[in-house]
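Across the two complexes that follow, chain A remains constant while its partner is chain B and subsequently chain C.
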Partner chain A sequence: MSLRRLPVYILADVSGSMRGTPVESVKAGIRQLHRDLLTGPQAVESAYLSVITFADVAIQVVPLTEVSNFIPPEMDATGQTNYGDALRVLLECFEMEVVRTTADQKGDWKPLVFILSDGAPTDTGWAEYAAQLRNRRPANIIAVACGDHADLAALRETTDTVIQMRDMSPDAFRAFFKFVSASVKTTSAKVGSVGDGGAITLPPPPPGITIIP
Partner chain B sequence: MALGAGARMSAGATRAAMSVPVQTTDGRTITLRATPLASGAEKVAFLSMDGRDVVAFYFGTLKDRAERVERLRRIVSSYDPTRGAGAAYWRDAFCWPTGIVDGSGAVPSDFARAHSFAQPSLGVVMPVYRGAFFMHDRFGNRVEKEVRWFTGRKAGALIPDAEKGSFLTRLQVCMRLARAVRRLHFAGLAHSDLSNRNVLVDLRGGDACVIDIDALVVPGLAPPTVLGTPGYMAPEVVSGKSLPTIETDRHALAVLCYELLLQRHPLRGTLVHSTRSAEEDEQLSMGVKALFVEHRIDKRNTPDAPIAVSVDALGPHLAPLMRRAFEEGLHAPSRRPDAVEWEEGFYRTLERILPTPSGRGWLIVPDGGPLIDAWTGEVVHRVVPMLRSGRGVGAAWRDDGIVTALFHHRTLHQWHLDADVRPREAVSREPVAYTSFHEGVWWLVNLTDRVWTTGDGRAIARNAPVQLTDGLELAIATSTDGAPGRTWRIAMRQA
Partner chain C sequence: MTDETEAVLPLAAEDVVTPAVWSARVPDVSWCPAPLLAELTPPFIETAEAEPRVLRAHAAGWRVLGASVRGKSHGHRGEHRDDALASVVRDDLMVLAVADGAGSSAPSRIGAAVTADLAVTRTAARFDADVSNADAVSRLGTAMAHAVHDAAMRLHELATIADVAPSSLRTTLVLVALAGDLMLVSQVGDGAVLVQKTNGDVMRVGGARETAWAGEVTCFVPDPCAMTQAAALRQVRAADVSLIALMTDGIDDPFHPLEQSGSALVSQWRDGTTDPIGVAKQQPMRSLLGDADAMLQWMSFEQRGEVDDRTLLLAWRSAPVHA
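Coming up: the complex of A and B.
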């Protein structure tokens, strides 16, 4: 296969504060994202999806899977917000799943990562992993602060692109996952554009979502 | 990473009305549905309430707004091929913009703000795509027939078999595409972003439509606003040496045709040029170091799956064009085949098309050698009557170089009769003759008033048949309006 893959990781906060409507909205959002991507042949050809959830610990609930074989995961919300473990698992997944370009093998595109969190890290080790992600830039990361209690500072230490979604209604989540699917579709078509150094251009986020300057 | 113009959107979505009226510069009011139909990196599109038009608005800051408006103004007026000769044909071949929505006053301001339109708003009105360019995938989603569905292995697995067409319909799609691009280039226009995303193809009906015409490069006006789509940009654009032009369109056209016919990309092979990053490797592999996967001499970039059907299976007209496009012309833009040559190549190839005995496949009859379907290995064992077009009779006969494979119920057309006619957009598609295999004998039946004269002086008039035999010569009478007829020579090709 000489076709490069576009790895897409979704890191979803499933701590206790996400219990109820928010976690259901995230589940529904991932299902909708999957259905949407199936309508885009570029995404079907090159995008691979993975879901990592984090609460007391982080678990990769769906390993990197091509769009047509992806099965949306079940998830429950309970426990703390171990953000550091989420970033650790993400870095581990990069190490294990993302194919590097070598002299005789075409590697994967730079992964696209969406981090959704509604709270503040309850662990102490996250800053070290955040620094690794920020400094080495192994991926294009979009962090989403959900609601009013998300820790913007922690997300900002992970990536420059932090967007805020104050409203945590099902509609807001649906709009957000539309944005994710548009981003993945755009990226899978435009990836490798002239002189962009692997950076990507995303469509504007939906109404109700603020990009933190 | 750029995130477009969303930065100052208020929290809490603006409650949008169900329908939104917008004004075009030519005074029409189009009422749009308030929820977007689709959204890309540059524009967001809305469907009209009556379902006939789509209006796409630009996002972000339009640095070159004045040029864009001027460009659109010309696209919807003087450059519009759907207004002049052959209008009906071109209306189907292009999704040509029909209007412009320009200025803050033309769009309700809360609507423009809610969807982050560029300020002042700028939108382009286009007809909706024809129904033939939509299909339902395996999951029941209604999707546009983008090229990628028919060139990708994984995407192809999700679409119904009936949508995959045949080698014949794929050739027809390419021919229509070449014809549409030829029309643009004849007017001096470059599409500038021809790609798998900007062409819709209907493999059931052998039809193609060029879309996203708002980025056309208009000569002497503004420079191009987009560089193109990865995989379709010419090497000199990828390496930053050139902007999109008619010559770079020619590269994109060749890539699209190669992909549609052979289901692989002509430049994406196994050769790695940089191990620093996928992005840097891509930049080189599509740019200065680009190399054809089927290069005759330099075989470093072969695909990792073995090639089952080589470019040479495309026959004596297309294989040389492909090799010129991806060998000689890859890094020498002026040597690339132009759209006229492609159109001619597809026309001549379609003349040589022959159904396989099973009725499932098609093959291109070569000048010599066995008749084998390159995809299935199916072999044609029967005698095939071949019709060579030329001019003059007897010893004065000169070959036109056009060879037609005849088969049961194969029809002949205007371009077979008249010496100087090509199957261009304006030519009648009515049959003027048909072939029949009846009781072990091959016949050709004349459907016109133009008499065919055989080499031995017999006249074949309207509705009369002539038995096809090796060496038969048929001189077509001059038409009533003075068009000289061709002279056909029949050869019974042995299997």
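Coming up: the complex of A and C.
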């Protein structure tokens, strides 16, 4: 009879190509997301946030934390895009942090994951982890291709839900994180009634962000 | 001094957000969408309230009390309750149902109300109309299966009239029927049935969890899979049963697993709360049996993250059973 949480993971690409305005916009976006979630009592009760950054390696910079205790992290952008390590860390986090329903315990809601990347993987092992995510479907994953140089194919191999955000201005990131907030609130409000094998219904994306069919 | 002053500078105003608290708003839209007003006559329209709905009934040897209350989530957003309950209680037949409209579709409350009502009324009507020489299990089970089919077909009709997809009316259904010495349970989606036997044992009847994740339901009425799920009947010897509890997931989930918490729950319902179960905050109170106020008070238990509508339907023997 433990608490059922809605785990929300933000995987942020902080490789060198994100240096400057993009990474600052992501940081600001996460702060905004946090503020937005605090305005929804259901999100305050149920949503737990984690941030994983990836560059040369992936690091979970904020473990799964309830919204009211979440502290937006600092981030610096440098290095390569080790996408495989990001997916590996994500899978590890699922194993360690997310509770599944069993005969003896009540599980969490299916996790919600947002992956932001503006480039192509520079590692060679990412496909193995992408396949694990595809096969095991341990979460509702939304991959976000930022700018014009994101590797859509790699993101598509990770999840069916890929959205494109060509504009990487602060305003575009602000709008994107509003979309994330709305997605979390929608998901946490629909608990107990998710059909169709657990697929979620995302709110309409803001202008400039398109869901790739 | 300067450094100390800087160290205690307050956060920017935009960074200081007080976590939101729950509110309860009256729905500002009609319970029944306009295209369906002519289709849905009482008792459906009577459920169009944010207030709790209480159901009372009795027949020879049994008493029934149920309540359905709006969850905090719907209350905060000013939405209607999606849960429903219904019963047909006669001396020779008792049919009970609870239903939970799928929250991802707004008109699902209609689906839940219509399905619960048709499940009990059509089960009774079809059972009465069956003059075959088939055994009781077959007759009652067939009546229940056909009633679920009737409900599904009705939802398809209403979807056409309202010009929405049938999936918009999706609902779970927990259906229990007793006739003579036979008790059958049929279930589509989540929710639960608990039974206390005359020897005091408490058991869950059917309704195993479907997925590893909370809140995921893979089949609803009127999906095609509903008929298969509904036909998977569970049978209990009615003479062995002293109390039956039907509940939607708003009651089931906070006390998962019912296999472990069921006895304590039934004890609370029968005798009043003594100790909290798990982390649910409850207050001392009297027995729920026959006391709607006590039932509503019990159903107001607080548990973080548990904000669904809650529906509980109890049937208990009003006289001791002698083997």
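Heads up, the rule we're going with is that the second predicted complex is superposed on the first by the 207 of 213 C-alpha atoms of A that agree within 3 Å, B and C clash if a C-alpha of one lies under 4 Å from a C-alpha of the other, contacts with A are read in each partner's own complex, and residues count from 1 in each chain.
Here is the rule we use: contacts are C-beta pairs under 8 Å (C-beta built on N, C-alpha and C of every residue); 3 or more make two chains touch, one makes a residue touch a chain.
Given the structure is predicted, the values throughout are model-derived calculations rather than measurements.
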Judging by the criteria at the top, classify the pair chain B and chain C on chain A as clash or fit.
-> clash
Mind working out whether A:Arg31 is in touch with chain B, chain C, both or neither, as first, second, both or neither?
-> second
Tell me which partner A:Glu45 touches in the superposition: chain B (first), chain C (second), both or neither.
-> both
Quick one: classify A:Val57 as touching chain B (first), chain C (second), both or neither.
-> neither
Scan A:Ser68 for contacts with chain B and chain C and give back first, second, both or neither.
-> both
Looking at the overlay, does A:Asp167 come into contact with chain B only (first), chain C only (second), both, or neither?
-> first
For A:Ala182, is the partner it touches chain B (first), chain C (second), both, or none of the two (neither)?
-> first
Classify the contacts of A:Asp108 with the two partner chains as first (chain B alone), second (chain C alone), both, or neither.
-> both
Please determine whether it is chain B or chain C that touches the greater number of chain A residues.
-> B
After the overlay on chain A, which stretch of chain C ends up in the same space as chain B: 7-15, 25-33, 133-141 or 223-231?
-> 25-33
Doubly contacted residues of chain A, that is, touched by chain B and again by chain C = 1-4, 35, 38-39, 41-42, 44-45, 68, 100-110, 189-195, 197-198, 201
Taking the complex as given, what residues does chain C use to touch chain A?
-> 14-15, 17-22, 72-73, 76-77, 82, 100-104, 108, 167, 170, 190, 209, 211-220, 249-250, 253-257, 259-261, 277-280, 303-308
Across the complex, what residues on chain B touch chain A?
-> 1-7, 9-14, 39-41, 44, 59-60, 114-116, 137, 139, 141, 143, 146, 148-149, 152-155, 157-158, 196-197, 227, 229-231, 233, 237-238, 240, 268-270, 272, 274-279, 281-283, 286, 303-305
Footprint of chain C on chain A - complex, ascending | 1-5, 31, 35, 38-42, 44-46, 67-68, 100-110, 189-195, 197-198, 201
In the complex, go through chain A and note every residue touching chain B.
-> 1-4, 35, 38-39, 41-42, 44-45, 66, 68, 100-110, 140, 160-161, 163-164, 166-167, 171-172, 175, 182, 186, 189-211, 213
